[in-house]
């Protein structure tokens, strides 16, 4: 019944824990993840700009800050489920969009409805901003998985998460991806060298794949 | 790679929290929930037996103890999502069954495969045991929601959960449902009388619906 | 030693809990708070824009997303300490700025240094964006305090937090402040009417002060 | 005051943490432990059946699901205390039985009293079901201790727990014990080979003792 | 093997939670409890001194700071168990003393053994210091139970704990007990007047009993 | 409003977590820390006494038990901030003293005011008791940091904390410091020999510095 309902719902994402079920040395809420994605995206966009690319900061702000809001409605569905079939994935996305639309219809005042519809859409399109969001989202999977691997967490899920995120990132065409692979990833790998898990090998395999 | 993988995976359900996102005074893991469902089912079956009904205890044991194991694979999908459309529900169930089958194929030795296939199927069929499981599962929703309402939790989700579980229970034809409605529910409502939320009214509306 | 150090440090804000010491029904990390401030600021800026005000979205993005990053260096200093004397406040701000500068000098590559210096400065200036940040930051104090008061938390600190935040907000000259006071705050007060604490009275006194 | 009191008390076991005091990477509640014991016992009984042994599933259900319910009354008494002297152990068991009997007398309706008396008795007798329970209970100690040792927990208590549980299991005459020692334990030991603690050596010493 | 083992064991008491099983708005570790007992005892002893009583501060220091150290060995045994029979209570105390003695024998150097034996003995004797410890220990039960009752916790255990602690305190002959009953308890009761539980009535009944 | 306010405030220190922001395998509250400091100080004082030094046990009791109480008012300010400049440190100490004095003025009865003023002052002076407190406080930093290093925590903060505490301790002239360095520290270093971090080297460098 108004923007109040929307603002109040934000705190729900503090109570949804990422990667449920698996043993973790450190847990992350969806809201903490979202904040870190915003931070990465900001620096990635800065790097694009310094390479002469024009960034639509308003759009970037909108899509990065809201990109996981839909989890309030559908909950935390495991990645393998989402990727089980294109058909299921499309259907789940349709359900999420339907619930978001229903929420906007019920709660957002007329004059703001079009703004919320734009903001709460899926943001990972082919625009510069959509690609930056994609990279930033995957970067947080790398940092979350790395923190576990570095401490010796032997759950395979974190190796898979680290590898898949890296493979996804390297396929995105952006100046900041180059920067990440050349200037940031080596520091991370170097820091992980004392881990019982061979992070360098996993990294090299992912980059070579 | 053997039963060891299965036994070890059980602890994952200690780390999946029910009803994620909503404010709760007390959190419940899926494994704690499962244990309580087993306890309720035992007493419900005792009541059936004392009314002359034959209970297949082996089947009851199997279906109650394993009834939420599949959440290890698909994660915690919110009830509204599951119930969004019959088509989606069927597809999600198919995905879960596929993942369970894949797990059995990969990990369970040949001579035990048929046993695990039987145990990890969906248990809520029309048999006495299937109906007892349905009632026991809903009873735990009542107890979980009641504990929140009693302490003044104003999240609507818990009122909805309490009401829907009660409506579902009263539709099941079992002696133990009669017993629950006449001998257990009144004590619960009476205990909730000091809550700022009118539990008696919610209960009566659900029973009258 | 590079952007990696900066990105990795972000997770530290997930482990700094706001309002330490006081009993709380729900705890909030600095990173979860920061994410909510970004969300409020986005809608507040949308409201400004629909009133014809020009918003610098890049600047808004930068100052809202980084506004509490400095807490990594100085920790969580209680509000009464910060406000004890203008002299102490100035000195603490100088220390924080010194530590941020030291961090940039040590870790951020030359070509990005000027960007980080701009982003990690204090953002609450007199610009539209600075004022939006101020309002958004105080709005989260209102929502955090409200959630406690609504559940009957009798710690005086939350009444003080709610009142002071409201007094601060109403003094800021922005269209979105009008909107908040007329269209959002009444819904919040109305929802709090069942609390044992008289939220309406506290609200009215703050607005009249 | 009725079965309601019993059902409601079950949630207390979600708040009793096993092995209190010692540093643990993962905590386990008594209810989560109980659920896992039920799962192990089910598969152990399946193995007995496939070897031609008759299993009383109703009895197995009753004794495994209730086997730690008495901890609600006496709390978590450390193993060394329980084993300090036969005299003390007998006295503690008498106290627990007295409290359970008092609870049944006060809360359980006349027609169900005999059922609860049977279910809440000590289940680890010499029957097949009692021995399966004994093995399943010790298996969870092995899995709990293993998860700590594997992650490098150096508390001696977990080595002792692992060793003693293994020694106890190998003394029980059951087909499923053979199966566990030959088909499950080797996988577990193999998985633990990367731990800084020599799990294989501890295992072999326990098996040879 | 030396004082190091003793110093290191102290942290175990940070992981033993008081009153396990029962729902609590706030949990307390044994070490946090012990620290508060020391604080109360200090002020109680100050009040004795200002009434002309001589306090042996060294003894008071020793017995208050160590009074729950034995829980490291025997764990958290519920009060009703301890009080089940004089015989059981004596036996449990003997076990605890035996374990403490064993620990001293194994770990404490010869020249310090007599000091540790004196410090780790049961401190609640009839001396002024022993009685102050008894009152301070019960005062923390009052504060812990009060904090639950004030927030509407309806677990009977906390009413019982509050009442029994008050009855015990009022029977102890000390100037500080007078002071507590006349100058401290009324403030506490007054603060609890908004609770849904009638703390004043429970207090008056305990004082009149 | 009386001693009640003081006693009730003690529980706030159970909710202030030491070393906020950094990843820790085990968290410590200020109250748990305080209790351990009291335990160390007791044994350190025993060692002084056995070397013929006179200890004022009342003073030692007062200053060790209250030494972090001021954190209730000023919160958890990071060590680097406190040590940024002598001027800032002096100012922060003045603020803390002002807040403590204000609290005493408002809440403590006239006849106890002088006692609380003495107890809540800064205790680390040049007396035997003040020096014992200094050593005991640093010893807990050693134990807290050691527990992290031993488990492979690679946060530099814990190496710094361990080293600085050791350097501080060795500079204090007390018999118990000799005892600690000769009889306790070697056991600790020996126990840490399996850690991936070279605790022995860090220790030797600190002792040689």
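Order of writing sets the labels: A, B, C, D, E and F. Residues in every chain begin at 1.
As a convention for this text, contacts are C-beta pairs under 8 Å (C-beta built on N, C-alpha and C of every residue); 3 or more make two chains touch, one makes a residue touch a chain.
Molecules present, by chain and UniProt name: A, B, C, D, E, F = HD domain-containing protein.
Note that the coordinates shown come from a computational prediction; the quantities given were computed from them, not determined experimentally.
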Co-neighbours of chain E (HD domain-containing protein) and chain B (HD domain-containing protein) - touch as defined: C, D
Most distant chain from chain C (HD domain-containing protein), judged by the mean position of its C-alpha atoms: D
Chain pair among B-D, C-E or B-E whose interface repeats that of A-C, sharing over half of the contact pairs by residue number: B-D
Inter-copy rotation, chain A (HD domain-containing protein) to chain C (HD domain-containing protein), in degrees (Cα atoms; steps of 5): 180
Same-residue or different-residue interface between chain B (HD domain-containing protein) and chain D (HD domain-containing protein), half as cut-off: same
For chain A (HD domain-containing protein) paired with chain B (HD domain-containing protein), centre-to-centre distance based on mean C-alpha positions, whole Å: 32
Whole-Å gap separating chain B (HD domain-containing protein) and chain F (HD domain-containing protein), where each centre is the average of the chain's CA atoms: 50
Whole-Å gap separating chain E (HD domain-containing protein) and chain F (HD domain-containing protein), where each centre is the average of the chain's CA atoms: 24
For chain E (HD domain-containing protein), residues that touch 2 or more chains besides their own: 11, 13, 23, 25-26, 147, 152
Pairwise touch network: line, ring, star, complete, or other: other
Chain-to-chain touches, reported pairwise for every pair that qualifies: A-B, A-C, A-D, A-F, B-C, B-D, B-E, C-E, C-F, D-E, D-F, E-F
Chain F (HD domain-containing protein) contact footprint on chain D (HD domain-containing protein) (complex, rising order): 23, 25, 152, 154, 196
Interfacial residue positions of chain D (HD domain-containing protein) with respect to chain E (HD domain-containing protein) in the complex: 11-13, 15-17, 20-23, 71-78, 80-81, 84-85, 87-88, 91-92, 95, 98-99
In the complex with chain A (HD domain-containing protein), residue positions of chain D (HD domain-containing protein) that touch it: 25-26, 147, 150-152, 194
Residues of chain E (HD domain-containing protein) defined as touching chain F (HD domain-containing protein) within the complex: 1-8, 10-11, 13-14, 26, 28-29, 31-32, 34-36, 38-40, 42-43, 46-47, 50, 55, 57-58, 60-62, 65-66, 109, 111-112, 115, 119, 139, 143, 147, 183-184, 187-188, 191
